[in-house]
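Provided herewith is a single structure, encoded as structure tokens, for subsequent inquiry.
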Amino acid sequence: MTSFTVRNPHFETRVRESFAKQTVMGLLGASLQRVEPGSVSIVLPARDDLCQQDGYFHAGVSTTIADSAAGYAALSLFDAQTEVLSTEFKVNLLAPANGDRLRAVSKVLKPGRTLTVVEADVFADSGDTSVRVLKFLGTMIAIRS
Amino acid sequence: MTSFTVRNPHFETRVRESFAKQTVMGLLGASLQRVEPGSVSIVLPARDDLCQQDGYFHAGVSTTIADSAAGYAALSLFDAQTEVLSTEFKVNLLAPANGDRLRAVSKVLKPGRTLTVVEADVFADSGDTSVRVLKFLGTMIAIRS
Amino acid sequence: MTSFTVRNPHFETRVRESFAKQTVMGLLGASLQRVEPGSVSIVLPARDDLCQQDGYFHAGVSTTIADSAAGYAALSLFDAQTEVLSTEFKVNLLAPANGDRLRAVSKVLKPGRTLTVVEADVFADSGDTSVRVLKFLGTMIAIRS
Amino acid sequence: MTSFTVRNPHFETRVRESFAKQTVMGLLGASLQRVEPGSVSIVLPARDDLCQQDGYFHAGVSTTIADSAAGYAALSLFDAQTEVLSTEFKVNLLAPANGDRLRAVSKVLKPGRTLTVVEADVFADSGDTSVRVLKFLGTMIAIRS
């Protein structure tokens, strides 16, 4: 297990306040679950208006919650004055995103003063089954004001 | 200029019908514009509920229209029995996605029997100015039923 | 732990014979270590002619062994008639690749009939220390003759 | 056509001197060709010891010259005190890398104070024919001493 240095003791409040400003999360119906140093989870229940042409979650929707989970994993390790932005990410789509809800779980791979590399998995959960549908690997940048 | 082989003379109708089934496009307010062999454009007007924490378009939103534009660029070259799915993509976020509307423009880089590689650009347009905010490079797979 | 289906009981011999044909591995001085179902490791000792401008291993060198490790992780799960090719990969460079040797360790994330998604890590090892310098996420395709 | 701001009038000399320090370029037999603001080309003749298992150029070799071409495209736009490192890149392999020589051509997509996004193509050239075999999209970081 990696352990991370926490620079802002109020990191959880800060992440939750920032998430609440991401209006697209409200539009999609996503909610922030667990917030830990270097790791965040976001859940998104299935809905008829989140789909691609076959009725699965659109890959962009899965990616949207993965990207927010990744950004907040990075932000959880920043000091209180530093902001976060995504600079790039790649996703591999591992299975059709079909289930009762999507769950994105992020983890910081490498914290850094300027760049933080984060991975995330998105799972499609239904009852007792959970299928990993997306793998995300991206870079978050620290913006100092 | 690359020229592509069109296997389905009704490719434009097919792309437009499939796009109409992508319910998330309705949720976001995206509309399909130009449909040509190997290239598609999608436009998404700004709205208060598409944002990340700073009021810009969320990167996941820009990515969602880039991914659909890429998928339909590939589908435009498929025969009438073949379906398309995204298998992976990477995006680089080049500038804050801030403008009156986003515009995704895709182009097939390399068609193939199984895999089609597509690039796309997303622009933030406001009045006369247009800023490229995202570069997309991904792989679409042909699914034969 | 994931367990994988082995379709070729002679997978290890097959991987080792194919690796022996990768002439660039000889040029670089890389050797194949562990070969297991869905996972392979490759080691590359430091040498003065593998460097970028600062004397670290060139990122392309680290990527080369990551890519081979990823390809052979996929091949280890294929039947005896199926070949493997890389179709795409992304790497994040996490730290300067500076050490006595590089060690690439791959793991299949998602096997598939056509596409297999593989991740790999490259570590720079020196004495007792080991630093992860590269994260790889890519797609291998099964070629049936 | 994009035009770039040149901060170091001696950019070409600087790029060529740095390339000469990349010892792996000598090992592979790669040579730096054109150096322009924001764009560089590198050529690598075919040789028996640069191959994967089928006798094509190894994807890692194609990627190595693409990465150097991308890094130097970024460096060509930096001031004389700033160094360059790759932070991440993704490649799509478009065709078997089979020909008399590989040629990597890079182009800066978006220069920046900290991060510069670069794309590159690698072509396999033989006689009059030229096939694009690889597309590269990556991020270079400016290191100020």
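We call the chains A, B, C and D, going by the order they appear; numbering starts again at 1 in every chain.
The rule is short, and it goes like this: a contact is a pair of C-beta atoms (placed from the backbone, for glycine too) under 8 Å apart; a residue touches a chain by one contact, two chains touch by 3 or more.
Everything quoted here is computed from the prediction, not taken from an experiment.
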Among all chains, whose Cα centre is located farthest from the one for subunit A? D
Higher number of C-beta pairs in contact (A-C or B-C) found for A-C
Can you check how far apart subunit B and subunit C are, centre to centre, with Cα atoms defining each centre and the answer in Å? 33
Report the inter-chain centroid distance for subunit C and subunit D in whole angstrom, where each centroid is the mean of the CA atoms. 22
Taking each chain's centre as the mean of its CA atoms, how far is subunit A from subunit C in angstrom? 28
Contacts with two or more other chains, residues of subunit B listed in rising order: 87-88, 90, 92, 117, 139
Could you please specify the touching residues of subunit D with respect to subunit A in the complex? 87-88, 90, 114-115, 117, 139, 141
Interface residues, subunit A side, partner subunit C - complex: 90, 92, 94-95, 109-110, 117, 119, 132, 135, 137, 139
Subunit B-facing residues of subunit A, complex: 18-19, 21-24, 26-28, 48-54, 58-61, 63-68, 83, 85-93, 96
